[in-house]
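Heads up, the thing below is written out as structure tokens.
Chains here go by letter, A, B, C and D, matching the order in which they are written, and residues are numbered from 1 within each.
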Amino acid sequence: MMTKGRLEAFTDGVLAIIITIMVLELKVPHGGSFEDLKSLLPIFLSYVLSFIYLAIYWNNHHHMMQTAKHVTGNILWANMHLLFWLSLVPFVTGWMGENHFTSASVFLYGIILLGSAIAYFILQNLIIKSHGEDSILKKALEKDLKGKISPVLYLLGISASFISVWISGVLYILVAIIWLIPDRRIERALKNQKV
Amino acid sequence: MMTKGRLEAFTDGVLAIIITIMVLELKVPHGGSFEDLKSLLPIFLSYVLSFIYLAIYWNNHHHMMQTAKHVTGNILWANMHLLFWLSLVPFVTGWMGENHFTSASVFLYGIILLGSAIAYFILQNLIIKSHGEDSILKKALEKDLKGKISPVLYLLGISASFISVWISGVLYILVAIIWLIPDRRIERALKNQKV
Amino acid sequence: MMTKGRLEAFTDGVLAIIITIMVLELKVPHGGSFEDLKSLLPIFLSYVLSFIYLAIYWNNHHHMMQTAKHVTGNILWANMHLLFWLSLVPFVTGWMGENHFTSASVFLYGIILLGSAIAYFILQNLIIKSHGEDSILKKALEKDLKGKISPVLYLLGISASFISVWISGVLYILVAIIWLIPDRRIERALKNQKV
Amino acid sequence: MMTKGRLEAFTDGVLAIIITIMVLELKVPHGGSFEDLKSLLPIFLSYVLSFIYLAIYWNNHHHMMQTAKHVTGNILWANMHLLFWLSLVPFVTGWMGENHFTSASVFLYGIILLGSAIAYFILQNLIIKSHGEDSILKKALEKDLKGKISPVLYLLGISASFISVWISGVLYILVAIIWLIPDRRIERALKNQKV
């Protein structure tokens, strides 16, 4: 059994860098008028969406780890797997923004979101398993509607990318909104346990 | 109720990266004489100003969080909102410096400063609210003259950008100086509480 | 005797940045079709391999430091030496990927892996030495087959790079797989000690 | 009185990023043969020197903060001032390396080293002052020969840069070697105090 402190610190570091490195795709334009900013708008919009997604991941990770009492070797690797998918977010964000939302880039963006969601799901299950029947996380997530609906919406968005990238965009934004709606499951479960 | 450790760690990480990434805008010139550095001067000056602003934010954030005993989901999101605005500082700093302080870039720089100030204000209020009437932070900030005067000066600076960027510059520097003047409110309040 | 907290934090920070900076070598292509991604494939494959290597290093470092009770000045420097080698990984990864695995780049990649392995070995021995005969780490690593076989495989891979880069590639991947296989030595040793 | 944890964490973050960002100046060459690496040699040598310097700063900072029991607002700002100088190291390192050690770049490199040394000195004195007569740091640094000789050597190196950059180089390397020689002052002082 290992303590969870360094896993949290490393994850915080990687997420902090990913979220900040994305801003480097907003390349400083050579002209100094508002006109010169216009071409950056699609990149900026991609940035905002990815920033929100990464913030949601950090937030959920934070809540989830609050329920964990220890970590195992498997959990460390599942966490690395999640970070791998998230580390590709700046690339797809830049690609999607710079090419004004082509089908291919919107498709790949969805794939990275889906991969991240699956990686998160694996990590979550390993934490529950390692804490046995009494797992606070398990109780908090009993229904886990959000967790179940997100991959479905991602899949729809990915499929739609070859018909209309607008539909994909709406679906990706929808998932973000679903997660932004305050959700006190873990906070409540922690309170009940008087942890 | 969650512990505040990870919120602090994540914020430290993001601010550390933002402050350091800005220096990448100081692109190494191809010539090796002092003459070749000259064109970097406006970028360097923007860098210094933004470095000071980010240092002030880190410093104030540090002081503020010392008074907090716990964090809520809302506080996590208000903190993310603040980090979003601050993450745009390297971009506007580079844009302003590289284009020798055009009106548009000085205008946008002020907008980002104002946005950050508002985000900080929201965060501060949520922390006070979540700690009830006895909030140390509330007592420390009873008058909060600095917090009230800064947005006014930002607004003046933003408006002035289309008349004279020099006035805007002076106003932005003025706000930084106001915050640099030692301010022991929170330190004193913490001492009184024997925390 | 110093506490180990900051050594861990600094190492986490540097590794988090190294692992994330590598992704910047995946430069966003100007076209927006899948065709435009093709040329990135070798860079992506190098990225995946290096990501796994750095994840292994972080993982092993994490396990190793769990057994350490304190650090000395020598340990701090041995750790810096390790970070120096690892800091060169993004460069060789990018060079190897961008030039489609030329002999020279595959050779250098192996040299950096070997240098990192030697630096890790030195660090490990200093930690064991500073903890005396009862060192948990010493017991956990009694045979340390992986540690002994890796440099041999690296040397073979480095030598093979001028005959066939495919052989080198297979050998480098082999080492990664060896380390990915779950290895509970340290976890078990920690448990036995009831630390 | 504030706790020192976040000051350490933020400093670790900034130093970790500075040390890693420098490696981005080693731009991946387009050719894949050893010949193509040759032009990178001066940049690599600058990188090694700066890496060692930043490692020394981190190491000394770590030792110094181990003796501190609390921090004040002044100490936070003195630390920021140090980080400002150090944040310029990647820029001068890149400039010096890319232009094959011109007088101007070697001069500026020395100025940044001198500025960092002065900032460190100020920080050190503030920590001693805030801990009163019993300061462990004060006792540990009673003679502080290294601290006194370094700025003199920097000044000599800076002056020499217009006569011969070789002399400057030797002097800068000499300072690094002086600090690399194990120095157990603080470790011993901490031990005596049974802290």
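Definition applied: a residue touches a chain if its C-beta (ideal position, glycine included) is under 8 Å from a C-beta of that chain, and two chains touch if they have at least 3 such contacts.
The structure presented is a predicted model; accordingly, all values stated were derived computationally and were not measured.
Between the two copies, chain B and chain C, the Cα superposition rotates by 180°, quoted to the nearest 5. Two copies of one chain, chain A and chain B, touch each other, and the residues they use overlap weakly: the shared fraction of interface numbers falls below half.
With respect to chain C, maximal separation of chain centres occurs for B (centres as means of Cα atoms). Look at where the CA atoms of chain B average out and do the same for chain C: the two points lie 37 Å apart.
A separation of 26 Å divides the Cα centre of chain C from that of chain D. Touching of two or more other chains is recorded for residues 9, 13, 16-17, 21, 24 of chain B.
Of all the residues in chain C, the ones that touch chain D in their complex are 1-3, 6-7, 9-10, 13-14, 16-18, 21, 24-25, 72-74, 76-77, 80, 83-84, 87-88, 90-91, 94-95, 98-100, 102, 104-105, 108. For chain B in complex with chain D, the touching residues are 8-9, 12-13, 15-17, 19-21, 23-24, 26, 28-34, 37, 48, 51, 55, 58-59, 62-63, 65-66, 180, 182-184, 187, 190-191.
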